[in-house]
Amino acid sequence: MREIARPDPSAVEALGKYGVATVHEAQGRTGLLASYMRPIYVGAAMSGPAVTVLVPPGDNWMIHAAVEVCRPGDVLVVAPSSPCSDGYFGDLLATSLQARGVKGLIIDAGVRDVATLTEMRFPVWSKCIWAQGTIKASLGSVNVPVICAGHRIEPGDVIVADDDGVVSVNRADAVKVAAAGKQRIANEEEKRKRLAAGELGLDIYKFREKLAALGLEYK
Amino acid sequence: MREIARPDPSAVEALGKYGVATVHEAQGRTGLLASYMRPIYVGAAMSGPAVTVLVPPGDNWMIHAAVEVCRPGDVLVVAPSSPCSDGYFGDLLATSLQARGVKGLIIDAGVRDVATLTEMRFPVWSKCIWAQGTIKASLGSVNVPVICAGHRIEPGDVIVADDDGVVSVNRADAVKVAAAGKQRIANEEEKRKRLAAGELGLDIYKFREKLAALGLEYK
Amino acid sequence: MREIARPDPSAVEALGKYGVATVHEAQGRTGLLASYMRPIYVGAAMSGPAVTVLVPPGDNWMIHAAVEVCRPGDVLVVAPSSPCSDGYFGDLLATSLQARGVKGLIIDAGVRDVATLTEMRFPVWSKCIWAQGTIKASLGSVNVPVICAGHRIEPGDVIVADDDGVVSVNRADAVKVAAAGKQRIANEEEKRKRLAAGELGLDIYKFREKLAALGLEYK
Amino acid sequence: MREIARPDPSAVEALGKYGVATVHEAQGRTGLLASYMRPIYVGAAMSGPAVTVLVPPGDNWMIHAAVEVCRPGDVLVVAPSSPCSDGYFGDLLATSLQARGVKGLIIDAGVRDVATLTEMRFPVWSKCIWAQGTIKASLGSVNVPVICAGHRIEPGDVIVADDDGVVSVNRADAVKVAAAGKQRIANEEEKRKRLAAGELGLDIYKFREKLAALGLEYK
Amino acid sequence: MREIARPDPSAVEALGKYGVATVHEAQGRTGLLASYMRPIYVGAAMSGPAVTVLVPPGDNWMIHAAVEVCRPGDVLVVAPSSPCSDGYFGDLLATSLQARGVKGLIIDAGVRDVATLTEMRFPVWSKCIWAQGTIKASLGSVNVPVICAGHRIEPGDVIVADDDGVVSVNRADAVKVAAAGKQRIANEEEKRKRLAAGELGLDIYKFREKLAALGLEYK
Amino acid sequence: MREIARPDPSAVEALGKYGVATVHEAQGRTGLLASYMRPIYVGAAMSGPAVTVLVPPGDNWMIHAAVEVCRPGDVLVVAPSSPCSDGYFGDLLATSLQARGVKGLIIDAGVRDVATLTEMRFPVWSKCIWAQGTIKASLGSVNVPVICAGHRIEPGDVIVADDDGVVSVNRADAVKVAAAGKQRIANEEEKRKRLAAGELGLDIYKFREKLAALGLEYK
């Protein structure tokens, strides 16, 4: 599948700026990948449309085929057809993707050459870091819907990733979620100031009455 | 439970200075939380009396109620009533706690906004980093004994946390354990010098005879 | 076992320079320890002949006995006789090993005092970080073959460890694998340049025909 | 969502007869739920259209709401919105479902009262067995697409479950997959006889030449 | 600690009859051990006062010392001082305990000889089944409070265990919890009949109005 | 590797009779595979010489090649080259192996068709039960040393497996370990009678003095 629809670029940029936690809340607490998906270096952050790859266990051939369909700004999303920790991806593939303007990689498996990837500032969120090599023997699929780390991602969905993990936004919802995220950021800013000044959330959010109604007692 | 007894402040400070491994040894190799409790940034370290919170799975309401009972120097300890990885805690709650002088958080669940928490230097030791949002629907309990990451913590117990993890000291034992820790640090200093000079532990600790008695053979 | 055969020093040095992923590939995709073996600080890297220690669960006495047989440049490899997460190793043992020129530690268990170990730049790859203390009551064995994190290591095998994890090379194969690694590095350098210039792996490796033969279709 | 489209009943029955492994192969090695989904008793087996329920962590209220929309022959599929091991389901809910002709339960969480469920012959495939009680405080959703144990299930998809685990077939593919399964069963029967008579798979499948071509050597 | 207070025998018997799930609910959804604690054979069930043993990792000596303080009807509860999967317990220890009238074993570690234990009908709930042998070198403690599989158990607490797992009741609460359990069983019986007759829980529990008030919509 | 040396048949038979726990102790508490290796049905037990297979992740082709080199009484041991849970093995392969007199399978991966395998009484010890299909694309190795579930097994080593798990005995040690096992069984028989008669292990093994010497106190 060479051609995919991509989301609105300004929404992609805005979602990346808001970050994973805000985007997750802004779309109704959905879209997170599993908590085991961690960045290879502290401070990694990115957003972009997903180019998806379904790979056999221990075989990274299809990632090579996927490079060709990536465009600048894309994020590569790789999911194995059964659970695998092998190191499908290293610095050569990263060099190739970076040369094409790809922003980073989400992989529900292992990654290697992480010292070099960190130097290159090519961010990767992965299930683990492991050097186990893979082969090139079997086909997979590029740009089909995949289940990656417990969440379903379609080609063109917006991936947002930072130190908190990875969230995915349906392509069709990108603009709407970006708007909700903007609103959320604005609301939080005001609350942050009041909390920093020593006001209690119990008072700001008017929780005291609700908690009392549920039977909260102080001793 | 608004009021709790707190431990001797100088003992709390001393225990924090000695660190997790020394405090654990000084109280007879007890008090550690599970090894999965990790700090969100390298170099985080703190000590303080525990304010405990028991929360339902996926519901962080009670943390808001707990803020009010915290005093400067306290450490918030959050345990869910059944295993949960949700992100109960983020930068707004941290802002509120930091405004009240709370030193940090121990949570047997997930945390989010870790980039911001790191900038704020608000240390958190958690089971995982995950952005999954929580609701505010059910009551829990503040300042009751909790099982947190496999260890029982009572309100007012001393929490010590650093890069090695988290240890808890019974409030009533704080002064005694601090004294034992001081002694231990002093003993280690001398051994460190001798080891650094090339002496063998086998000789310093007089292990050769004991090992030989047990049947150790050299080939 | 006091005396062990050690591998060719220049091969040891070369293998360390090539790094874990390259060495693993150079010896036919074998020799990796499990992916849970992680360095205690970012950027840790080393290579050296293995001095092996088999320890009982929760008992680190034999590590003290092993210090004596280490020589400058060696790497200590510790494996428990049944799975254990206890903190067998801390800054005093590291001081002793560093004084004898030992390069670092591989341990299929826990480690503690990691802040101090990091300051000392004494690298450790471990299953976890945990302060749980151990006793000195039972014998183990020094310089016997051990299964460490899923891989068999014999005394004198070459250990290579970096941010990607840990790999082991049979002593007898060290020179041969180093030669293969050198070749591999050279090959990769040229490919890296072409990929960085925007050439596709599909073309460089001539994958298009093979993928088409297997039935790859573009839509 | 009260009304859902259901698959062809004879296809559902046939798929159940063929079993999980055959159905998985017949639809191109897809559709399996994670390997941790295990039956509560040996010999449990069933097939039926999925009625799906998305539940909050630790809250089983929505399962009660889902009972009403189940029809005879259906299978209830329950997925929490974040990972949870609580015992959402016990013998009272099973009594209610069994009274309505529901065939069994697939739940990516815990179950309890398993001794009674086994007596009732109400089969459950679950992540674990745990008695942890749940509350009734928050809404979820009935008959929306859910990710259950790593696989996406839509309402009306065919669930097949037996001692091998759980597989799901898209509603629209049920008849086609049933036909492929029938063919597969027939092919296997003949192979089974030849293998039982001592013929080698190497010969039946003509593997010798292919293996030799790849370089297999005998020593 | 030779002498411990034991709970009311008729409460112990009643709690055993009600079973794990009912007892857990009857004491306010508390007291469960972790879900990994599983019986070695289907249909195992028992209740009795806890005799507790804290053991070092890989050392079962203290279990031998504990046998002497057990009385007919007791349940032995064994917890290691750090996580361990070794097989601390086998058929000889079971023979000894059974000769003294002990009802069964709860162990947060491994067990072996499970075929023989099953023949003897000596029930064990354990973290795993593993034959790994242990040594007899170090002391532990008998009849001290222990953390076993995530829950704190004091000597004399009532242990109830069946196919659903293990729950513990504080000794002082045994009579009260037994009464609450009796009431619960009675209430459930009536509901079970109505549900079996086809009535909906939505109607029996009057959930429709509450769900509508929270905003549940039907489509 | 077609031809392997096999161990003494009477030792193999005797080791099987003594069982996993006894054999493990008789060879100095070594040789166990990891505790996650569980039989697919209760009561499975066998012993035999290992025919080993190293397979790529998700590829079971080499198992077909291994069938040919199995002889009556052998046990097939399958290990993947990187961790994998796929269902490499089902009832057709079992039919073929059973026709050749193979006693059973040890596999550090998944297995499927377990209901049929149970009917056939073809025992399997595996890491999990999962139906995930595998491909036939790449070579592996037959009768090379493998690491299987954390233990190294060479072709011709004796495998003993029962409800307690799996243990392996070096071929060269089979007769010696069988003799030690026989002695152990005899010793245990006498102890079992005394323990069943109510004697305490503390007295039989004369532990009281040793425990007192270590400082055990009674309160």
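In this document, chain identifiers A, B, C, D, E and F correspond to the written order of the chains, with residue numbering beginning at 1 in each.
Throughout what follows, a residue touches a chain if its C-beta (ideal position, glycine included) is under 8 Å from a C-beta of that chain, and two chains touch if they have at least 3 such contacts.
Being a predicted model, the structure only gives us computed values, none of them experimental.
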{"item": "Contacts common to subunit A and subunit F (chain labels)", "value": "C, D"}
{"item": "Partner chains that subunit A and subunit D have in common", "value": "B, F"}
{"item": "Selected pair, out of B-D, A-D or D-E, that shares over half of its residue contact pairs with A-F", "value": "B-D"}
{"item": "Distance between the centres, which are taken as Cα means, of subunit C and subunit B, whole angstrom", "value": "31"}
{"item": "Subunit C and subunit F: spacing of chain centres that average the CA atoms, whole Å", "value": "29"}
{"item": "Distance between chain centroids, defined by C-alpha means - subunit C, subunit D (Å)", "value": "42"}
{"item": "Per-residue overlap in subunit D, given as positions that touch at least 2 other chains", "value": "29, 81, 85, 132, 138"}
{"item": "Interchain pairs in contact, sorted by label", "value": "A-B, A-C, A-D, A-F, B-C, B-D, B-E, C-E, C-F, D-E, D-F, E-F"}
{"item": "Footprint of subunit D on subunit F - complex, ascending", "value": "1-2, 41, 61, 64-65, 67-68, 85, 87, 90-93, 95-96, 98-100, 110, 112-115, 118, 128-133, 136, 138-139"}
{"item": "Contact set on subunit D toward subunit A in their complex", "value": "29-30, 81, 147, 150-152"}
{"item": "List of subunit F residues in touch with subunit E within their complex", "value": "19-21, 24-25, 29, 32, 35-36, 38, 42-43, 45, 162-165, 167, 188, 191-192, 195-198, 200-202, 205, 207, 211, 214-216, 218-219"}
{"item": "Footprint of subunit D on subunit B - complex, ascending", "value": "56-59, 81-86, 132, 135, 137-138"}
